[in-house]
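First chain written, first letter: the chains are A, B, C and D, and each begins at residue 1.
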Amino acid sequence: MTAQPSAEAAAPADYTADEIMTVTASRALRGEMTCFVGIGLPSTAANLARRTHAPDLVLVYESGTLGSKPTRLPLSIGDGVLAETADAVISVPEVFNYWLQPGRIDVGFLGAAQLDRFGNINTTVVGDYRDPKVRLPGAGGAPEIAASCGEVVVVVRQTPRTFVERVDFVTSMGYGTGPGHRERLGLRGRGPVRVITDLGVLEPDPATCELTLTSVHPGVDVERAREATGWRLAVADDLTVTSAPTSSELNVLRALVRTATEEP
Amino acid sequence: MANTDEPSERHMPMAWIAPLSEAVADLVTDGDTIAMEGFTHLIPVAAGHEIIRQRRRDLTLVRMTPDIVYDQLIGAGCARRLVFSWGGNPGVGSLHRFRDAVETGWPVPLEIEEHSHAGMANRYVAGASGLPFAVLRGYVGTDLPAHTTTIKTIACPFTGEELTAVPALNPDVAVIHAQRADRRGNVQMWGITGVQKEAVLAARRSLVTVEEIVDDLDPRPGGVVLPGWAVTYVTEVPSGAHPSYAQGYYERDNAYYRAWDAVSRNRETFTSWVSDMDRRAS
Amino acid sequence: MANTDEPSERHMPMAWIAPLSEAVADLVTDGDTIAMEGFTHLIPVAAGHEIIRQRRRDLTLVRMTPDIVYDQLIGAGCARRLVFSWGGNPGVGSLHRFRDAVETGWPVPLEIEEHSHAGMANRYVAGASGLPFAVLRGYVGTDLPAHTTTIKTIACPFTGEELTAVPALNPDVAVIHAQRADRRGNVQMWGITGVQKEAVLAARRSLVTVEEIVDDLDPRPGGVVLPGWAVTYVTEVPSGAHPSYAQGYYERDNAYYRAWDAVSRNRETFTSWVSDMDRRAS
Amino acid sequence: MTAQPSAEAAAPADYTADEIMTVTASRALRGEMTCFVGIGLPSTAANLARRTHAPDLVLVYESGTLGSKPTRLPLSIGDGVLAETADAVISVPEVFNYWLQPGRIDVGFLGAAQLDRFGNINTTVVGDYRDPKVRLPGAGGAPEIAASCGEVVVVVRQTPRTFVERVDFVTSMGYGTGPGHRERLGLRGRGPVRVITDLGVLEPDPATCELTLTSVHPGVDVERAREATGWRLAVADDLTVTSAPTSSELNVLRALVRTATEEP
């Protein structure tokens, strides 16, 4: 996360909060990894990584494409470009049963509508399940991505509405109620190792599993991150400042985003 | 949705080729359980519109990713129950008709049975395999089992390990869209083929709309072929997946998906969209 | 054969490309469980011969259809246990080395664990899926469950119906043969592809011998691609499936299968066949 | 079975016992059927049916070929010609799970090393399982073919060694111990509706499920069939004589067999 890319770092005025979030997320991926990619911000970050420091990153989409190398940013999880550029296209049952479930995927990239201090994710409802205030899309592939990938990275904008003391519904389990909970349930993956937001980076405390601010983006102070968090946010003693996006990262990201808005 | 175990009911030497209105009229009855599948690609939208036109009611709609065609069916009052794992307008936002039905019961209350993708995919696999249930590592630690009765635990008889069981899906009718069929009703699709084969094989009856009916299906890389004897009806409906896409035929109409957000956002614009269906079709 | 649950052990960015002797030496250890699959088509015979040459012992050999390459491994004394569902010389008759080992214990006694094809296929599926067992409608009314401890009943948690459970297969090493691979070890096969994908995905380590390594895998109708990161070793072995066939490369050598009957019928001719292996290979 | 084909019937001297067995077996198949085909005699009979009265017969082989239309007689269950001429080639798990198990196949065609009066089949061992006199190939796909196909047809040469009072090992269940046994076990298919041999045809008695001689081939008398049977063979009151192969059936059969011996 904090490794300094070689190209020259840009000044905060030169990029948006979403851009540093996406660039930071892309840096969480290494070239020798397999990555289960959700659509939206995670997909943008994964495609950026593949075009910058991680050209051998293997992208797996739940529509059944293994090793997609999209030439433009896919607009949906089942975009034709994902199939056309894949090493293999398989059925949806197969992607879940043969590839995700056995723990073959190193990192799962998820978004969230609500997230709590133990990294549990809600994408199902706000309010009561049977009488919801807001009915959200639901689980999709997320519960099993969160359970089975070697580790999980969450990419989400940080607001008090999103970062809540307790999620209204656990759609995807993070650390549950704290240390040992995943292990007691027999979940295979390590869980959310990093939450990357538009303000900084949170990582689980090794002892308590509580998400702790470990890095702020340039120009963001701790107070602002605390205000954007619905629980009493813990801050790491060795808090760092995120390396700013380099101009080359930004150029690649912006070119990539342009490919999505130019419809084929 | 019990399995009838009547092989004679389930296959015939070849599929019947008929117009869409006839196939839907013969296959879909009020109260049926209908699965319309297609994962972004090859969504059977034209068939869904025909179900709205024929004013079917009290349907149980099954689909991993209910998107705008299900929003339309729900808003038009065809459904009383939805079995699903992710409902949204991909890349745009909420399904407003779905939310209105769940949140306020308009136009009719919508019961939901909610799963994950892994669970739904395995429920179709069990249905296609003639098994009453499937086993997976799923739902553990989530709140889904507390709200969905069709999720249980099962112990491995060899290791004692606890896993999750979900019951088979055996819809009355499966509806899918494919690129091509031949004159015997052998169906060919390629690109992202999702869970469509499993949906058809899990169902008692099936309808496949296709871009074109051809004399011979020349082999295609990545092609999946469903034999005509495993399909009930095949119907030629060019652009039958619009606004989704059909690889090799047309691209996704992203503008339609974006425009749907405004059409569906309130009941009045949606109601006039439904009233205008026949005019648009002609 | 327990699942180690170590993803880091199971994949890497790409397969290693190495000579056959090196790959076998690195992958196969005395006492290992080895699955060599291929359903008439694409049988990894050359790899089997290399295991004989390296004098591996006490192997548990797994294969749905043990045919002459397993007869050779058994006769050469490599195996102490066979897990299978049909053992014969297809179209010719018995496997004489297999029968000699089972009936008289020569050259070493051979334990057997016997299943049906449906059971074996599902055991690989469970192994590939990271599940400890699979469920099927199988073995009912037969004498197999009385003699095979790895067949149990299981009740559906929704309907109470009794079905059959079999434990996952997770071999130490899977060995298959395919038509082609690219330089990253992505493997492509077409024609009858049997249970090979499942065998590789179920195993801790894997070896794929291929007819040729090419720069690019142009797509093929019916082609199955195994990504290089899911395979441990890829080795170029032209004619590596002989006397079975490799669609697009060579036909089945039916004369070899017929001739094997005489070679294998008595211990002396078989023993000299083994002694002559190195001479024939050079 | 006894329907008289239109072409002229041949005299017994004009065909072998295996030929009338194969022709009779082929007549058990209709064009609108799906047939799960084992290699050897069943495959020859099924391919003969497809070239004579049942051109639309759908052949399914356990190697994963659906709707094969082989141009020559396949020599093995995984012959390349089966894949090249199929409507679809699928994996072996799929053929068993999606196609055989749910009862989609009308008729299963099996052979036997031993067969008893209730149509139970042994292809596993002669003698004791743990100390066998003869170790046979084993089950293959047969147990589930016998359980799940709409009905089963057995094609086997009739000898006292094969037609035994009680099979040494039940590899594939026929009627088990008699009426109601299949139903009690929940097997979905009807079981063996016909056993076609080189001497005649046996069918289960509707009341007792015992295999009963219902037809003898021309020139075969009941005594000869009884001698070739290891149990006290019941004979139907309305015993018929099998229609002899027609010259056209024989011509097609012989041409077919020639394609198998001419190696490609």
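Throughout what follows, a residue touches a chain if its C-beta (ideal position, glycine included) is under 8 Å from a C-beta of that chain, and two chains touch if they have at least 3 such contacts.
Keep in mind that what you see is a predicted model, and the values were worked out from it rather than measured.
K.L.:
If you check the contacts of subunit A and subunit C, which chains show up for both?
P.N.:
Where subunit A and subunit C share a partner, that partner set is B.
K.L.:
If I rank B-D and C-D by number of C-beta contact pairs, which comes first?
P.N.:
C-D is joined by more C-beta pairs in contact.
K.L.:
Can you compute the centre-to-centre distance for subunit B and subunit C, using the mean CA position of each chain? Integer Å is fine.
P.N.:
Chain centroid spacing, subunit B to subunit C, equals 38 Å.
K.L.:
What is the distance in Å between the mean C-alpha positions of subunit A and subunit B?
P.N.:
29
K.L.:
Counting only residues that touch at least 2 other chains, which ones in subunit C make the list?
P.N.:
125, 130-131, 136-137, 161, 197-198, 222
K.L.:
Counting only residues that touch at least two other chains, what does the list for subunit A look like?
P.N.:
Only 97, 101, 148, 188 qualify.
K.L.:
Determine the shape of the graph in which chains are vertices and touching pairs are edges (line, ring, star, complete, other).
P.N.:
other
K.L.:
According to the definition already given, which pairs of chains are in contact?
P.N.:
All touching pairs, sorted by chain label, are A-B, A-C, B-C, B-D, C-D.
K.L.:
Can you name the residues of subunit A that touch subunit C in the complex?
P.N.:
Touching subunit C from subunit A are residues 31-32, 34, 56, 58, 66-67, 87-88, 97-98, 101-106, 148, 150, 188.
K.L.:
For the complex, which residues does subunit C have touching subunit A?
P.N.:
Going by the criterion above, the answer is residues 3, 5, 7-8, 10-14, 125, 128-131, 186, 197-198, 201, 224-227, 229-230.
K.L.:
Would you tell me which residues of subunit C are touching subunit B in their complex?
P.N.:
Listed in rising order, the residues of subunit C that touch subunit B are 130-137, 150, 152-154, 156-159, 161, 163, 165, 167, 219-223.
K.L.:
Looking at the complex, which residues from subunit C come into contact with subunit D?
P.N.:
39-41, 64-65, 84-88, 90-91, 94, 98-99, 102-103, 114-118, 121-122, 124-125, 136-144, 147, 161-162, 191-195, 197-198, 222, 245, 247, 251-252, 254-255
K.L.:
Which residues of subunit A touch subunit B in their complex?
P.N.:
39-40, 62-65, 75-80, 82-84, 89, 91-93, 96-97, 100-101, 124, 129-130, 132-144, 147-148, 169-173, 176, 181-182, 185-188, 263-264
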